[in-house]
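Below, chain A partners chain B and then partners chain C, in two separate complexes.
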Partner chain A sequence: MSCHESRAGSTLKARQKAIKIGIIGNPNVGKSVLFNKLTKGKAWVGNWPGVTVEKKVGKLTLDGISFELVDLPGIYGLTAYSQDELIARKFLLEGKPEIVIQVTNAINLERNLYLTIQLLEMGFKLVIALNMADLAEKEGVKIDVDGLRRELRTPIIPTIAVKNFGLNQLIETIKEQLDKPAPFFKIDYGPEIEEAIEKIRRLIDSPIRRLGLKIDPRWLAIRLLEDDNDIVQRLRDMGFEDIVSEARHIRDELQAQLNESVEVLIIEKRYEYLLNLSRKYVRRKTAEKSLTDLTDGLDKVLTHPILGLMVFVSILYLLFKFSFDVASSLTEVIRVTFSQHIHDLVKNSLHPEFISSLFVDGVLNGVGTILIFIPNLLFLFIGISTLEDTGYMARVAFLSDRLMNRLGLSGRAMIPLLIGFGCNVPAVMSTRVLGSDRERRLSVFMIPFMSCSARLPIFLLLTLAFFRENQLIVILSMYFLGVFIAVLTALLFNNLFYRKQVAGYVMDMPPYLNPSIRNILAKSWERIRSFLMKAGTIILLMSVVIWVLSVTGPEGYIGPEALRDVELLSRSWIASFSRFLEPLFKPLNWDWRIIASLSFGFIAKEVVVSSLAVLYNVGVESLPTVLSDSLTPLAAYSLMTFALLYTPCMATVATMRNEVGLRYTLLMVLYQLLIAYTAAYLILSIGGMVI
Partner chain B sequence: MRGDKLDNVLPLSVVKEGKTVRIVKIIGGGGLVRRLYEIGLLPGVEVMIVRNSGFGPVIIRNNVSGTFCLGFGVAKKIIVEVVS
Partner chain C sequence: MKTVAGYGLIIGITYISSTLIFLIENMSGTRLLIPQLLPEDGGMAFYFITVGSLYGYAYFKSREKIFETVLLVASIMSIAIMLVQLLNSTLNLMITLTSNAWIIATYNLSRIEIILGLLSIPLLLRIRRDIYE
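Right after this comes the complex of A and B.
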């Protein structure tokens, strides 16, 4: 093979390997919309290594070149102050993106430019999407794009992500940038600081070159002056202890000389620089009917301590009513189609009986359970995404701040708790936006008591069987009980562990915006998909496992008849396991079949209803009738309480483990079992005395 | 204290809605100060108080930073002088 050929081969190879692009920006700039538009929905969600923060990666192919777009968390700077910033920085340093797209908000461009400066100092090839161009125009903000582009030596493309405006030009620009070198960018920090930067730069320059690292030495020097812990640690890990301590020394000297904090001075210089840019290239004139006025007008009511709270409660009520009412008819359609038509079809067309039973009683039951879930979840997610996209969620945080402060939390913790009503898994994941570990742990402890939509089918089923008249009230009482226990839990743990601290926080308040329906649908679909992938497989698997454990037993294979014959079924594995636990639940008067389905509910609460159906050997639709023969209403209420409070599904437990560690998770699991048992017992005994 | 120049200097948390203030100083640990600086809230900068009920979080605004909600604890640590 000639040299020429091998080179051609390697270029081809390089081409086959996708070119990595990072998408970064402040929160609420339209980053998600732009990412979805650029990748045309061809994206997948994973986790960043070592943490549970979602990592969205998408593909984009242009003229045979494939790009891999990585969506980074919404951040203001790269100081590694929060977990999100650490993740973004880790990707920038280690993921080696070829190009970084920064999505900026044209209305407050200056604040966005702080991140721009940091990215340019790091030596990245940057493409700036000047998003929300439409809103900026309405607000009377005029930006001299050409001037700014020349000064920063960085392409700047005005975009309106929701209307696809500017996206083609953005893509063209990305392609053009591929062959260009990164721009030269430097801020003058003044003679004293510059001298110190230069000293440190000379120290690290040659070691870095020797190692062939693609890090800008000047940037590294600045970070060392800013006493950046993460960078210090990285250098130490590479064995540059001496450089680190030498840099410390230089920094201390400088600090003594200037008699002020060096990091503060450096940030001030950056702001000086960008305010100068702003004076030169940004013009603001007061618009007649501006978005700000509209926002302020709405906020007069929506953030009012009393009116605002009333609106919030109404919106919450509407959200749940909307999602359940709209969903219920769809759920019914799915239920009927599934339990009758498809059921019969499969049953009649599959032989032998063993196989047909596996499919009908195992697999199809599982699939049915998953499908019955989707309408509820979908509409709940649509509701939540709408509230997020209009900017209302930030107001919720503002309004809840005082209340949440009593529990030692900031108002922002309200949002994960609300998401918890939909699904505990994303709720636990979204505690990441909270500032301190303490606040995150406290809210993670509260979330499992927020009755997620997986618990609703259990309540629906039992209320249908026992409280047909007062169904809504009984179900609502469950939600309130959950919230009540969550509040007690927060108070308990905050007093026990943290001596009632309160969190300090800073949060962006976006203007109210018309939500984009496509964006909402895309977001909701993304959430549904992650539910399907995380919970769906477990549910399906468990349905089959239950089937297997029901048709086999200590004596061996019993056969599908076991599902129709309680006599036979009581010889199964499931029965032996549950009977083993029966003494423990004697005080609650539970039948082994209830224990069995609740144990499966530990794996996923979604399967409680379907396993009850399997164990009582009826379709879900006739379960209420069967159950009402074997339980009293009080026992049913106590069972609902237990189902509400005991350990959430495996998926939640696994997420919790990632977020707060194994120790706290185990503590939580035990705590919840104890609470659930106690509450169920109290209801049964006190209720028994009253009635 | 009346007539004293220091009379005008007070924590952001007690400033009434609708007033414009200039930041004089931020007290507190490095993390918080850094975060506030990063979003453009640094000494010398003017901000308008959009909402302040006196015992909860404070909403502030200016052209550079946009609109931000500061927790009560944070607002207490920002020392300002009233401009108008």
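Right after this comes the complex of A and C.
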């Protein structure tokens, strides 16, 4: 190690606070993969745009130096047109990262460089990770890395994040850059615009220095010339109204002088600069057989309006077949092991009866019922992760653009809806990738009808009890019913609240890639882990709460016998509460225990099945039999419909409140309850007439 | 290429014929063929029609470059459903090993989607070679 290096190292070690680093880039360039590799963290990774919807933070400690890495949403520029661009820019302006890593896609470097020059104009110390270097080489893309490095005065490191290639060099470069000043970067916008930039820069230079803000005044001046609403507002909030007015005046004068929009001229100059940069440093060999050829060819089939749709429906069927049929035998193994062996072991080894009952009737029945669904969910997640990694999900969004347009949405809205099949919470959060508030609200209204994985155990249980022969078809019908109601909701709300045309959108189509088994397994494990965490925390707690509410009542302590004696159970708190609601659900012919379980489902949908097990006081294997004695198949289907459509879990409701506000959330909660009740009643009454 | 396209077309026709017989059986309530040679349910029938159509489409596009990628999708889908059924049968065999499971296992291994999936493997290998080399 040289003398300079060791000195730099000791300076770094002397820092008390973690060094903040932002990871930024276009959608689908591998930011989340790089973030995960560097932090060994748990960010969501997928080969489709819009996966990272909020900034994620991870830690990295190397040679005693702490780094705080922030994974930002995928963006094309810093113009703050969409929510994710705003989030990214807010972090850059307020989070004060010491260094920004821009992850770029080496295959389409030209497209990524627009963001690069914006970051350099902002005055950041930048390190560029030239990711997917292997694929670019295969594609015949030759990049003069040294030349580009000199031109941009910025370090560029070729990386292959999925294979850990270049990551050590990237970290070393970051360490080296910390003690260096930010590079001076300037695009020549032509004499007239430059003169205007200089005038505004002089206006804001000293107030900014006075306030000690680390914002490049030239960049601010350019943004003011581009009439950036966010920047204008920020300056107004800081009390610089006079500067804003003066800048507007300069801008208007310039516009009159040039007889053209200044914003358009600035963007044109940037693209001109980019074009020259690309011509000088990026060369493309036209290979006869290339990844682009294959991707284009596959797209002709997979985005074909008829064949593409048929393939999509077939893939969905295959996915569900994989996760239900294949997992069913494994579920059987877990069911027997858990409900017989572990159940008996705990029952015989714990005393007195109060404790034994708490563990066997409360904890084991509750958590055990959830655990048996792990194989189903694992296979489902493996399938979804595989589709994400191949790049197929982006095609699904493209394919659905026309359909989504009819609902007043763009094809991009399909992504949050598909995420909704896994969990409604990240789905609601991912609506931030959508451009307008209108689109975001409409998507948020649709998402709760997408049957999330937590509702699956309810369907599995009821189909096992009533539709054993046609389990797959009945469950699929639930998914289609959810989609149908979501479509109706979008049409209704779009007509009621909005009557606007949807603008088209630009979406990156990632090349088709062979999925990485490691990535698929890691992602599936992460999803299962979060499911288990829920089972281990909320459900465990809820199971115990249900048990307590079942063994106590208005008259006081009843005892564990209540769980074996319906007469005693009917004196419990839980029976009192459910009986209070019973008249409301009389038309649906539901037992008070079903009402109680569905009420607990508001806390987490996973709880519905486990609370049924506790309230009926049966083991996992007997629950379908007990239910089949107390319900008809039609009533079971009606119950499944209610469970599908009624208010989502409290985590989703809380997220909805954050995203669309309290008023819309309350409206949605009431609307869903109404829809669920009506649909369940219609199925029961119309079905009763037909059958 | 004509031979490859023709081979694919035969597999495609088998998929479609099998689905049509399944539909006729369902609508008329009669039994024309043993269930092993027909799709399992409505969802599988749709899957069969899709794969069959893709093989047919590939044949009609066999003079164009797109032919290779259509065939690639068709053979991948054909092999995917075969693998899912194979996995299903193997797991079931393991679970029911104590009974006369070998009869059930052999019976399940003779399902049409497994046979057609196996027949699609050489096509996938051929097309992969053409695309990547």
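By our rule, the second predicted complex is superposed on the first by the 630 of 691 C-alpha atoms of A that agree within 3 Å, B and C clash if a C-alpha of one lies under 4 Å from a C-alpha of the other, contacts with A are read in each partner's own complex, and residues count from 1 in each chain.
Simple rule for what comes next: contacts are C-beta pairs under 8 Å (C-beta built on N, C-alpha and C of every residue); 3 or more make two chains touch, one makes a residue touch a chain.
What you are looking at is a predicted structure, and each value in this text was computed from that prediction instead of being measured.
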Clash or fit, chain B versus chain C on superposed chain A: fit
Chain B versus chain C as contact partner of A:D325, first or second or both or neither: second
A:L345 touches, of chain B and chain C: first, second, both or neither? neither
Contact breadth on chain A, by residue count: chain C or chain B: B
Which superposed partner A:R111 touches (first chain B, second chain C, both, neither): first
First, second, both or neither for A:M310, with chain B first and chain C second: second
Which superposed partner A:L666 touches (first chain B, second chain C, both, neither): neither
First (chain B), second (chain C), both or neither touched by A:I267: first
First (chain B), second (chain C), both or neither touched by A:G297: second
Shortest CA-CA distance in Å separating chain B from chain C in the superposed model: 13
Of all residues in chain A, those that touch chain C in their complex: 289, 294, 297-298, 300-302, 307, 310-311, 313-315, 317-318, 320-322, 325-326, 329-330, 332-333, 470, 472-473, 476
In the complex with chain B, residue positions of chain A that touch it: 76-77, 79, 81, 105, 107-108, 110-111, 114, 263-264, 267-268, 271, 275, 278, 284, 292, 295-296, 299, 303, 305, 394, 397-398, 401-402, 405, 410-411, 502-511
Chain C - residues contacting chain A, complex: 41-44, 46-47, 49-51, 53-54, 57, 65-66, 68-70, 72-73, 77, 80-81, 84, 87-88, 91-92, 94-95, 131-133
Residue ranges of chain B in contact with chain A within the complex: 28, 30-40, 42, 50-51, 53, 55-57, 59, 61, 63-74, 77
